[in-house]
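Naming follows writing order (A, B, C and D), and every chain is counted from residue 1.
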């Protein structure tokens, strides 16, 4: 198996956790986990059923896109994952799903608004939708270009991918990321929850305003950064 | 049991898979599997509970509608299935359900739009709704005529049933088809998923545009036809 | 236990089947089963948890409302059930739930439209909503008067309760009925399914037309009455 | 463990019941149970997984906010719970969730209308939304101020918290309360059910009127207060 066992195992665990979240229909969904210092990542093989996955099935690629280990073809979305690892320093895992409510915003071409504290706890502002891709981009290295339009979207609006750890690819669906496979899966789950809440919110009030800036800051930084006070302090836990 | 065991077993397996997909309420749903070379097909008997079905219960009919084997009355939708086998060469299995979101488009009389890649992966364009049936058609050989309006809809719009393997019968519900019982059930499942996504998409943006043609072609042909590169190549799998 | 064991057992079975349908939230829901020839019926006791019910708990009342057997107080909705048994000859069981989509139409004050064949298979036309009850009716013998407005609604519009075996009590919820406890529960389930489909249909097309009369007749009478051809004929089943 | 075992155990049981209701996504949700005579309450520790909770983990605080017993940090929402115990005499338990349909009304900034008897059975009138909190309130003792805006809302509109045992905190979510942990959890569940029904009701009829006053009074007081006749009388039960 090699010395990539740690990311293989973390990648397998995250891929197996995904269907249990209810985010996955049929086989839509994959998770990658990187070792950024060694510039490699593990990813789910393409079109293999979740029930049959083993750590040995995970494909290991380097950040230039070369397969380092693995007999199976990696997920067709692999170049998108690689593009995010290269451009969003500080992330270690990427999750892609077709979860239904997040897809609805991606298909509607509407940024997911920040309507309340559930959203604020995970995302410091709306989750953006990418622009439509050109025929050239789709006809070229499509999955790599998908990553490029994500990066473009964050750069153009000066969004920090560590503060808004998800995106909606137009006419496609969500990608989420984080510091570990488990956390990236949790973020993908939170994204679907707040998207569902947002659809219901719009059903009650089509012109519902977003949460005010001071509430957004309060909730996001209550859980993130040096001022966080949610959960147990590191020293008090056994 | 006879020499129709292969299609009996495949038909039973597909009928038993159907309730597990969540597509079936009460007893609405049936699957047929054909042996096109011998011009026969197996189909679920009418009004028998899924929990009691056996391979021996499957009714075998020929393409002219005569019962070849079986003591039970075949599904009341049998003539619709037969009409599709006769008119859509290349298909081997037909699935009928009343899955709720697909029914919503059928009842709304609205073609299911292609809003994104989940749809494109299964259907090369919108899933069409048939026209309303006349009193004569409904009062005559109703289930056969149901098949006829499906065929008419595909012919009139020059839709290839192998590229758009499903239809919405107006004021009724979906039929899906494919090269095997398992694949036809999967397509019926995908249809319900994309219909649910479409309802949510319209809730977010009632004037959401469809996915552009180049994205549709890319995704459909990424999974279908000679240029497909999704999943594992045949030679690399054990 | 007495000689009312048959309706006790049927009533218990139907009450236990109800929560398994997903129609019941908390403790909203009850079923009664009558022996019309002896003019008595069994009904669930009030506020007893489904998990603890026994046949002996069922309360037996006569059609005049007197308790014939049973130590527990019958369901507070008992007078509504009694009113339906007295006025709708031919029914043997009444089911009351607060199933969510049916409640939505009751609360919206909108008759449940007949949008398609799933509806036609169970109900020969829209499922009607009753008028609002007056302060006098609500302040008087409320549950009996609830039955009276149901009966009034069917008589005024000349709806045959055997052809449309359900109603939506305004600002309250659905009652369904049938020839047996099992069939009445199935009808309550079908009502919720078609109400859910109708909400989704209206989401896709707010001005969706109802199914044409000839389709309604075809589907209803395909399953009901002397011309029925759905399911297995009585003689061919073992 | 001390002499607070009774509220520890009741608090644990209610916290464990919460995820089973389907109201909890991820770790959003907490329950407290008070002993008002001794002016103390037990509450869930912050950010601890439901599957690992024990009675010993419950944190005991007094009504002034001092920790009386417990090594873990209490839920970050603790000051909100404390504020409600101080201002709403007669309640013994507070439940906070992010249940999705109730959150939708909180995010939409719309009081949850009383559309029917399911609502009337639990809440004597609409469930109110609080006003938006100022930057000073959010930047100050945020969770305490959250309690203050709830109290302000009930006082300003002269709503009796025992008759309307829940609130929707704007851009946040619901709090419910009651005489015991079990009853408060049941009320949180009823709130989500009626919020879901209300969203569906508005989908069918955006201008649906609320239930009339006489129906509201009838249903609420059928279950509450000296005239109640729902369930079994105390004396008839073993």
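What we mean here is this: a residue touches a chain if its C-beta (ideal position, glycine included) is under 8 Å from a C-beta of that chain, and two chains touch if they have at least 3 such contacts.
Fair warning: this is a prediction, and the values are worked out from it, not measured in the lab.
> Strictly by the touch rule at the top, which chains does chain A share as contacts with chain D?
none
> Examine where the copies chain A and chain B touch and state whether the two sides share over half of their residue numbers (same) or under half (different).
The interface of chain A with chain B is built from mostly unshared positions.
> List the centre-to-centre spacing of chain B and chain D in whole Å, with centres computed as mean CA coordinates.
47
> Any idea how many Å lie between the Cα centroids of chain B and chain C?
For chain B versus chain C, the centre distance works out to 33 Å.
> Two or more other chains touching the same residue: where does that happen in chain B?
As it turns out, chain B has residues touching two or more other chains at 203.
> For chain C, which residues count as touching chain B in their complex?
115-118, 186, 189-190, 193, 196-198, 200-201, 203-205, 208-209, 211-212, 214-215, 218, 222, 229-233, 236
> Can you tell me which positions in chain C touch chain D when the two form their complex?
25-26, 28, 45-48, 71-73, 76, 98, 100-101, 103-110, 132-133, 135, 138-139, 142, 171-173, 198-199, 202-203
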